[in-house]
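Here you go, one structure.
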Amino acid sequence: MTASLIIFFVLAALAVGGALSLIFQKHPIHSALSLIVVMVALAGLYLLLGAEFVAAVQIIVYGGAIMVLFVFVIMLLNAGIEEHTNFSKLAGFPGLLLAFALTGFIAATIARSTDTVQAAAQPGNMASTKDLSTMIFKDFVYPFELTSFLILVAVLGAIVLAQREKA
Amino acid sequence: MFPRTDDLLRALPELIWCGFGMLAMLLQPFVRSRHFFTILALVGAIGGTAAAFVAGATPGEGFYGLIQSDVFSFFFRLLVGLVAVLVVLAADSYLERENLPFAEFYALLLFATAGMGVLASARELLTAFIGLELSSISSYILAGFRRDSTKSSEASLKYFLLGSFATAFFLYGIALVYGATGTTNLSRMDDADPGSNLLKLGLSLILIGIGFKVAAAPFQIWTPDVYEGAPTPVTALFSAGPKAAAFALLLRIFASVPAATHFWFWAFWVLAALTMFAGNLGALLQTNVKRLLAYSSIAHAGYILVAFAAVTFMANDLNGGATPAYAAVLFYLLSYALVKIGAFTIVSEIGGWGEKNLTLDDYAGLAQRQPVAAAALSLYLLSLLGLPVTAGFFGKFYIFKAAVNSHLIWLAVLMAINSIIGAYYYLRVIVVMYMREGSAEAMAAPAVRFPVAVNVVLTVTAIGTVYFGLFPNQVLNFILQPNLIAR
Amino acid sequence: MPILEHLWIIPLLPLLGATVNGLFGRTWPNKIVNSVAIGATGLSFLAALEAVREFFLLSPEQIPWVRQYFSWIEAGNFRAGFDLQVDQLTVVMLLVVTGVGWLIHIYSTGYMAHEGGYYRFFAYLNLFMFFMLILVMAANYVLLFVGWEGVGLASYLLIGFYFLRKSAADAGKKAFIVNRIGDFGFMLGMFLLFRTFGTLDFFKHAGAGGALGLFDKAAPLSAEAMGHLGTLTVACLLLFMGAAGKSAQIPLYVWLPDAMEGPTPVSALIHAATMVTAGVYVVARSHVLFMHAPTAMLVVAVVGCATALFAATIGLVQTDIKKVLAYSTVSQLGYMFLACGVGAFSAGIFHLMTHAFFKALLFLAAGSVIHAMGGEQDMLHMGGLSKKIKWTYVTMFTGTLAIAGIPPLSGFFSKDSILLSAYQSENGGPNVGHILYAAGLFTALLTSFYMFRLIFLTFFGKERYDEHHVHVHESPKSMLVPLAILAVLSIVGGWLAAPAFWGKPDYFAKFLEPVFAAPGASEAGTAEAVVHALETPLAIVAVITALAGLLAAYWLYVKQPSKPDKLAKFFGGAYQTLLHKYYVDEFYNAAVVRPLMWLSTNVFWKAVDVSIIDGAVNGIAEGITVVGDGTRRTQSGNTRSYAVWVVVGAIVIVAVIFWPHVRPVLGVVR
Amino acid sequence: MIPTNYYIVLSAILFGLGVLAFIFKRNIISIFMSIELMLNAVNLAFVAFSQAMHKLDGQVFVLFVIVVAAAEAAVGLAIIILTARNRQSLNVERVDLLKL
Amino acid sequence: MGSLFQGGHLLSILIFFPAVGSLALLLLRSDDHVFIRRIALIVSVAEFLFSLLLLRGASFASGDYRLVEYGQWITSPPIHYHLGVDGISLFLVILTTFLTPISVIASWSSIGHRVKEFFVMLLMLEVGVIGVFLSLDLFLFFLFWEVMLIPMAMLIGIWGHERRIYAAVKFVLYTMAGSILMLVGIIWLYNATGTFDLPTIQQMIQTGTLVLEPRAEMLLFLAFFVAFAVKVPLFPLHTWLPDAHVEAPTAGSVMLAGVLLKMGTYGMIRFCLPLFPEAARRAAPWVAVLAIIGIIYGALVALVQPNLKKLVAYSSVSHLGFVVLGIFAFRTISMQGAVYQMLAHGISTGALFLLVGMLYDRRHTFEISDYGGLATPMPKLAAFFLVAALASMGLPMLNGFVGEYLVLLGTYQSHWAWASWAALGVILSACYLLWSYQRVFFGEVTREKNKTLADASAREKFILVTMSIVMLWMGIGSTYFTRRTAAASQAVIDLVEPQRPYEARVTRDSRSGGQPVVSWTNTLPVAQASSTAEGANR
């Protein structure tokens, strides 16, 4: 067992633990913190995979911006401990079973898949940030520009929806 | 690194839609006139639609294979453009009645349209994803546009949560496909190994994502709630636009990834059967007309999926055997969009302030109070039912034909059974309008005069429905080109 | 030869009368109405006479004289034309129908003078004449069937003439429906004949343009070739079924007694003289076929004989004057069929003719009695009328003598020749003829008895009615003159056959011989000798029988008026059975009508139609609605459930796409 | 080295946990967080594949996903705020006015 | 005038003239009822006169289609606007155009609300029905077939009686359930042949270009047949009929019974037999059994109906059974009879419904028990009712007889047992009609209300006299019709079962032992047989 494998398992355990914690925490703020744990663990994994830029963006945008927004909203709405209702008959045991079945099936299929997946992930720095930026601004300029509209829409939506009613 | 002109031309409709959307946002603080924004949106919508001709005139790949301008995308851009124009017209009086901010509404509408246009022209899953999100996020907002209405916000929330949920599946599917083929560009997947489990799984998950958008059962589950809660013109948009765009993406995947057709045949078979039944059975007992039409949308998605099953069956026939099945889908979407927008527009107008009059009881005796509206709604319903002399009849006919062509006799029979079930609730609305007397106060109330814009919508959709019901030729011949969709 | 070329004039005249009276008679006075009706019938009678005169000028090759006027139905190789024909048989029927019909029309002007719906009555009566003439003049079975159904219609209308009375309406309906049952057989018979011969035209010999009629095709066949249970037997039995319906034979006789609900002239014309004999006419007309079907002949003879006896027994105890006559009619029709059944077609037709005279006379006289009694029909409330209505009495007595078979009245001759033929018949076995004869003779005894019982109860003894309320009065001339004429006819009508007794030919039989000429006509000479030897003894026996009946009736109803009641008590069961007509109506009602109604209502309509079929249809709809409601309930509104649905969908899609992989897994589970 | 399918299986597990979380959380914000968890799982898969095949477009995809997630978060949280304002509750099971 | 129609657009005019008329009606003010009625009457009468031009415009001495109109309509799939008339459709069209003005007159005063819509619907119904009868393209046929549904449903649903909505919906769903399968069948047939053109497909089958495998042919046959059987309606698909009739307004019932039911039998003649002869032959015994059940069952159920209109409705089930039997006996004679029966039933049952409607107008009830003794207050109506009833029960010299007789006669030639069972219907029809007639018209007037009922008005008399004259004419002058329908019927039969000279079958029929029919096997003497053949061909 190499060091990187150990690191992988540690990070993987962290991520899965965070995800489980997200599920089991009663208070949304705790869930949010659990999610941040997952994200940080994932950033670690990205580093392990040699995707430094993505790792950085993961921390900055996801962990920094998005999750802060979450926490902010939780505070804003003064959300308390989750109310534990069980109105949905389907989302109880059947839901659990089905979700497990699906996950199990996906995971099993991937694990047994003979495609590229089986190849060992290449470590190291095949991706430079420069290449990435070239790709974004050349090959993928159209979606990139579209993304700007997307953000515009998001802003617009936030304004329209969250705006207080005018008197 | 400014893009080449041709690339811009090929994406011109979306750019125009987005541009006008932005313009509306920019002018919002300065102009208070409602009519100004309506006209602006109208100009934008029509401009984008017109630009589809420009894009259509410069066929080929754009932006390094991210988008494709061909007859297919031309058709869908025209379709979503038409939808946008009609919804702008239909929304005008609604927004005023409900006292909603129109600049934002129109901007979002145009952005959503642009997203659909992107979906229709995308040849790269990334582009498709962005297009999907662009239209989806706009749709989430539009669904909750009546902020003070609990129903509207609930619709928005449900749509948003479940939509994102499904998008995650869609994305995961893309990731797996990427893993299996090493690319997210559809045009480079034609040699994908059909035996790959990863590819299979990926395509399944993509299908879940798209299935959600087109409201295929059991992903249809959000549809009635969202359609009911959303402002009615928005519902009209939902039922016609995003659905068409998502179907366009599906067709594009079919055309580009032969491997997909191997996997998807039975999936479509099952989805089609489930969807038809889910929609029609669910609608059977509805008393809320808006919700009834929502269920009807599900049913119709099911019918279209029948054609998809036929497409998957025939797709490997390189001699153009699948062309009629493609044509069936396209024609159906067109006829369906016309009808649904017309129907929802009437529902919107009859609904009145606060969308109060939505139940069947409110429609009782409509034929006497508002004969024209009743006649128009009957026409739409008959088209949905698939009675001759309406576009819906030909739509259904072509789907039947495609199904029988592909030896999907049992699916055709299931569809036939569903048509009968469907006939029941469509007729129920007609029956209520024509054969039942309205309540005394309803009959005493003065007839609602429809605004001009609404009348334009009704005229266009009604004439279109009848015209395509009598002379489907032009459209069909146009669709039936051998180079309909770039491979 | 104007009339023979335009035979259609004869039936058309009454139709014109019917149309004119039916459409316009409502507002006209009785005088005009009856002038039109009598005029139409009278002219028709005259035209018939003229036609007969011209007919006698025809050479034998021209007979039957067929005229095809227009094609009525054409389809494939089937053609039914509006074709009329005249031959000897037609001549007899024509004269009887128009002659007696005319007389009855005249009688009706008096009888119906004070009834409502005068125009309606005459319109119907004329309509009847039209159809009856079509029936007897038709040159093919289909046209004959037109007349056949048409007279049924007229009968229906006239029986139900007093439609305000439920019993009258019921009787009309019953008559029509029972006739329809017979027609069912008649139609099938026609179909079978067409299937066998490819035509339904009669002809025989004198076909138009070399065409062959049905009889021309059937005649050369030998009876053996067709077999005892062959096609022709079936066809003949089917035709006979129709005849039995129309001529009130067992088991379809039940309508005729009820038909007495109609006005009395109707009973006389339709239910005694003409329409009911149509069955006999058809059998005689189809004799070519019947001759080839010995089994059918035997059936006809046995049914006829049985009916004769059966109806006569019922007639013994009836107290309604018209009912007695009705059963007598049934009985006499049985005689005619007996004649036909034993191959004596001319005798049958002869009896048909004489019966038309005397039974019409009896009915009209009975009508006169009823008229005199102010509508009373029950003989138990009559009595001693002979002095008060002398003319009626005399004529009626004449009729009774005729029907009883007292020489030299007409009934004697016709009955005698029937019994003679029956005696000689060997069809079906050597003794069958003797049995038939014996039964026939016994029937004659009964006939004589009940007819004289009628006379004695009505005209003799004490008056049993309330003289304060009933003012017995003689009928007007318009009624008496026809009575007188018919009485004369009843007396002399049989004399055509009388020469047979002194070795001369039976002129009536000889006249009809061209029609009924059997294939083996050459042997007629020897047969005739035998006949002659038998004739006198049998006639004497018959006369003695008739007199015995007369005496018995006299003894019971004039000498010992209290005896009948005692007898009735003594034979309680038998008497009740007869009084209730063997409970046949009750039996039909219980065995056919009620079960059918019950079945239709409770099984077919309420169970099958409403519960099963419509239940299934509505059940499917219901089921779909229930399923629809279930589907709707999945839309719980709960986002978490919705998410599970998405997962379900994901699993469905994945499972379908990975079916080859999934199947073994599921197989293990199973 | 670490086989790629380790990463992918991990991402599948995370995705599945996201699905579970979506189903079992009642608080709308938590549910939204589970969606973010699912998107993260997707990203992991992308990066892993991208690395395995030595292609950059996977990473580009990830960047786009992150941006879209951000946009979604903005809109989503706005919708949540709107709902909370209209309903005075963040329990998703209480948002069931539209049904049947 | 003549040249205009001789030129070749008469059929199109026939189809679309009422449509133009109804459009014109739509533009009228809806409160001027008299004017609306007059326009409707003028349009329908003019249409009737146009349809009479058919008789002059073409000869029907051969079985081909006349006055054919052919034009491209839709290129892919190739769908043509192909119209034509032959002997079979000729009189059905005229029947339709005849009954429409009658219905207009019958609705003159009984329709009091939403008058404009009523006549619009009536005329649109005429468009659909005539289109069905004249279409020679399967697709076009289907189109008209479906188009006709809505006006009829509206007629029932808006102007009907208490349970009208149930009846209207049931009518539509029943019919659609059948016809949607037919659509699948049509498409399937198109896949096999590449055309929707009826004559072309017929030719392909005749020449053997198209050979369907037996199972497929049977399925196709059933797809078409079920659609038609629902419309006829054949037992056990008939339960929509009583409801529809009872609830429909008089004009609706007249059109429904008079014309719409004929569309089913017409479809059988036009499509089921020529297109799928082998399947038709195989199915014939089953169909015949259903038809016979329908005849007897319909009559028995009619017998016990307490509702007069329902009684007439069930009588239609019985009568149409004869038509189906005649079609599936595959004899020239029975086919001719079936065609004739279609026309005759249209007139006589139409008349019965008109009369029932007139009674309803006066008393607002269909229950027989509410009537009784009506002959006293209204002798004329009673007389007309009797004529119609007699025609319906098949009295010779009235229209009902010819068809029924030919059907039975023809059927008997090939299947004596079928004909014998079916002939029971003749007895039963007399039972239910006469019994109901008696209960309605005979006896004393039992209800106070009935004593003062008015007899037929001038308008009603006009309708009834017209109907009576037609009934009488059809009863006597049947050759006027059959000569024109003969060639076309023969053509259909030739496709299904080329007729052998019937003598060959007469005596060599060796079925059933032990029964009297055993001597069927007797042969006629040879010389005799040849002479019968001559007689037959005369």
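When the chains are written out, they are named A, B, C, D and E in that same order, and each has its own residue count from 1.
Simple rule for what comes next: contacts are C-beta pairs under 8 Å (C-beta built on N, C-alpha and C of every residue); 3 or more make two chains touch, one makes a residue touch a chain.
Everything numeric here is computed off the predicted structure, so don't read it as measured data.
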According to the touch definition, list the chains common to the neighbour sets of chain B and chain D.
A, C
Reported most central chain by Cα centroids is E
From chain D, which chain is the farthest off, judged by mean CA positions?
C
If I count C-beta pairs in contact for every pair of chains, which pair wins?
A-D
Measuring centre to centre with C-alpha atoms, which chain is farthest from chain E?
A
Distance from chain D to chain A - Cα centre to Cα centre, in angstrom:
6
Between chain A and chain C, what is the separation of their C-alpha centroids in Å?
101
Take the average of all CA coordinates in chain C, do the same for chain D, and state the distance between these two points in whole angstrom.
96
Which whole number of Å gives the spacing of the CA centres of chain A and chain B?
31
Could you tell me which residues belong to chain D and also touch two or more other chains?
8, 15, 18-19, 22-24, 26, 31-32, 48-50, 52-53, 57, 60, 64, 68, 71-72, 75, 79-80, 82, 92-93, 95-99
Chain A touches at least 2 other chains through residues 87-88, 91, 95, 99, 102, 106, 109-110, 113, 116-117, 139-140, 143, 147, 150, 153-154, 157, 160-161
Contacts with two or more other chains, residues of chain B listed in rising order
126, 129-130, 133, 137, 140-141, 144, 147-148, 156-158, 161, 165, 176, 179, 182, 197, 201, 224-225, 424
All chain pairs satisfying the touch rule are A-B, A-C, A-D, B-C, B-D, B-E, C-D, C-E
Would you pull the chain D residues touching chain B in the complex into a rising list?
8, 11, 15, 18, 22, 28, 31-32, 35, 38-39, 41-42, 45-46, 48-50, 52-53, 55, 57-58, 60-61, 64-65, 68, 71-72, 75-76, 79-80, 82-83, 86-87, 92, 95-99
Parts of chain C lying in touch with chain D, wherever the complex brings them together:
632-633, 635-640, 643-644, 647
In the complex, go through chain D and note every residue touching chain A.
1-10, 12-21, 23-27, 29-30, 32-34, 36-37, 40, 43-44, 47-54, 56-57, 59-60, 62-64, 66-75, 77-82, 84, 89-91, 93-94, 96
Over in the complex, which chain A residues touch chain C? Could you list them?
87-91, 94-95, 98-99, 101-102, 105-106, 109
The chain E residues in contact with chain B across the complex are 73-77, 114, 117, 139, 142-144, 146-147, 149-150, 153-154, 157-158, 164-165, 168-169, 172-173, 176-177, 180-181, 183-184, 187-188, 190-191
